[in-house]
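Sending over a structure as structure tokens; questions will come in a sec.
So that you can tell them apart, the chains are marked A, B, C and D in the order they are listed, and the count of residues begins at 1 in each.
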Amino acid sequence: MIETSVGLDVTVEYFALFRSCARKSLEKIHLDESAPAALYDALRARYRFPLAKELVHLVVNDEYSPWDKALQPGDRVVFIPPVSGG
Amino acid sequence: MIETSVGLDVTVEYFALFRSCARKSLEKIHLDESAPAALYDALRARYRFPLAKELVHLVVNDEYSPWDKALQPGDRVVFIPPVSGG
Amino acid sequence: MFRLTEAPIEIRAMRDTLSNPACGGFVSFEGRVRNHHQGSEVVKLEYEAYPKLAISEGNRILAALKQKYGLSGILCVHRTGELSVGEIAVWIGAIGVHRRECFAAVSEAMSLIKESVPIWKHEWYANGDDEWVRCSHEHEEAPADQVIRHGRPPSGPHPVATIMKEDGRRRY
Amino acid sequence: MFRLTEAPIEIRAMRDTLSNPACGGFVSFEGRVRNHHQGSEVVKLEYEAYPKLAISEGNRILAALKQKYGLSGILCVHRTGELSVGEIAVWIGAIGVHRRECFAAVSEAMSLIKESVPIWKHEWYANGDDEWVRCSHEHEEAPADQVIRHGRPPSGPHPVATIMKEDGRRRY
């Protein structure tokens, strides 16, 4: 067998508004590129997230991360909508 | 009978430091003049109050009063040492 | 709104008094008896109040703060008599729609009560000394807002705060 | 120091955790569920958390404040799951030698937790609508001190506070 994919697999977890939109808490996703922004844009289009990327924070493996971070295979990714605790 | 006194009688109540110095909570005092400052000076000398008048507040009939208020017969007078609640 | 009590302060009862389903914010302060005062071990402590004036002065302060900060409620209870280390000497709570106003009101209430409500602390120390404590142990604090001191004697602003500043914690 | 709980918050247990005979000052804040949100009657309310990040971010905030204000202790508990009107959604308490530091720390803790701890409020209204609440109802507040935001993403300061300022309480 020949592996033609040059992409990577990550796990995406959804909370709050994004969980409501995606109607799931977690899924594995195969990416063709490692940019988190591309992943967000794809999910935003798929699930109609009502938030521009500028309003959202990126968390990778339970830590806040900059948007220019390259995702690695096996990463757990969470997009954080505006919080409202308290 | 001829009343020779031109003074007035007041009640003085003592709290906290002043009660400790005077070793009493209350006494009636006959005054020759109506100035509260004169009363304080007399009590300070008698009971060795360790506080100058400038550190003390005057209360007459349960209300803070200015030191230039003239005392009236029957007034209840309290001198207030610096407070330390809380 | 301002009370004196010889019995231990029951927090739950105080909190329950300040309850309003329209108010999201509740702030409380407890002043607890410490085991030391300027390096001396405290073995006994009593608070003495001039009850009638303490209540009227305390109520004046709380009413002014309630109005100033648009609170739904503000309450203060101060102990009198003998207290043990760790016991609550004073409790202040406020509820309101906005939490910042609650914080400001409770903080300011404590400052003003320490300044002008006729309550005195008498401490006994391990070395046998005792003293009528002259002022708060937090004498480094800035004076509270002057604006609500309208109940003061007509001869001018109440000088207690100024005296505390200058003298710190002198003992008699 | 930062905890999440699905059970009602027990004030007494929290208070008992913050006890130190050397500390005279104790300040606490309770955020209570209100019966309305921008004029709409709230009939149901849930908080959802991202537990692992909420706890690490909450602990980072509290540890920084404890150091900044020289506190003896600071503690925060936040509810998750469904809550009723009047219940405590969040409790923060601090003890220290000086009360001003306690007031400042608790107030700042609440601001920072509202800004950056991943917890979300979901409200259902009497008219049948529901929303993931976008930000605190106290959007008029000044931003909290920037100095302790060192745990933020390396791309720059956490923009949540700024977004809240600009957008107020938009619904999705």
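The definition used in the following text is that a contact is a pair of C-beta atoms (placed from the backbone, for glycine too) under 8 Å apart; a residue touches a chain by one contact, two chains touch by 3 or more.
Here the structure is a predicted model, which is why all the values come from computation and not from measurement.
Asks: If every step must land on a chain the current one touches, say how few steps get you from chain B to chain C.
Replies: Steps on the shortest route: 1.
Asks: Distance between chain A and chain D based on Cα centroids, please, to the nearest Å.
Replies: Centres of chain A and chain D (C-alpha means) sit 26 Å apart.
Asks: Can you compute the centre-to-centre distance for chain A and chain B, using the mean CA position of each chain? Integer Å is fine.
Replies: 77
Asks: Round to the nearest whole Å and give the separation of the Cα centres of chain B and chain D.
Replies: The separation of the two C-alpha centroids amounts to 52 Å.
Asks: Just how far, in Å, is the C-alpha centre of chain D from the one of chain C?
Replies: 27
Asks: Where in chain C do residues touch two or more other chains at once?
Replies: Those would be 31, 110.
Asks: Which pairs of chains touch each other in this structure?
Replies: A-D, B-C, C-D
Asks: Under the stated contact criterion, what part of chain D meets chain A in this complex?
Replies: By the definition above, chain D touches chain A via 31, 47-50, 52-54, 56, 78, 89-90, 110, 113-122, 132-136, 151-155, 158-160, 163-164, 172.
Asks: Which residues of chain D touch chain C once you look at their complex with the stated criterion?
Replies: Those in contact with chain C are residues 11-12, 15, 19, 21-36, 85-86, 98-100, 102-103, 106-107, 110, 137-138, 140-141.
Asks: Looking at the complex, which residues from chain A come into contact with chain D?
Replies: By the definition above, chain A touches chain D via 13, 15-17, 19-20, 50-51, 54-55, 57-59, 62-68, 78, 80-86.
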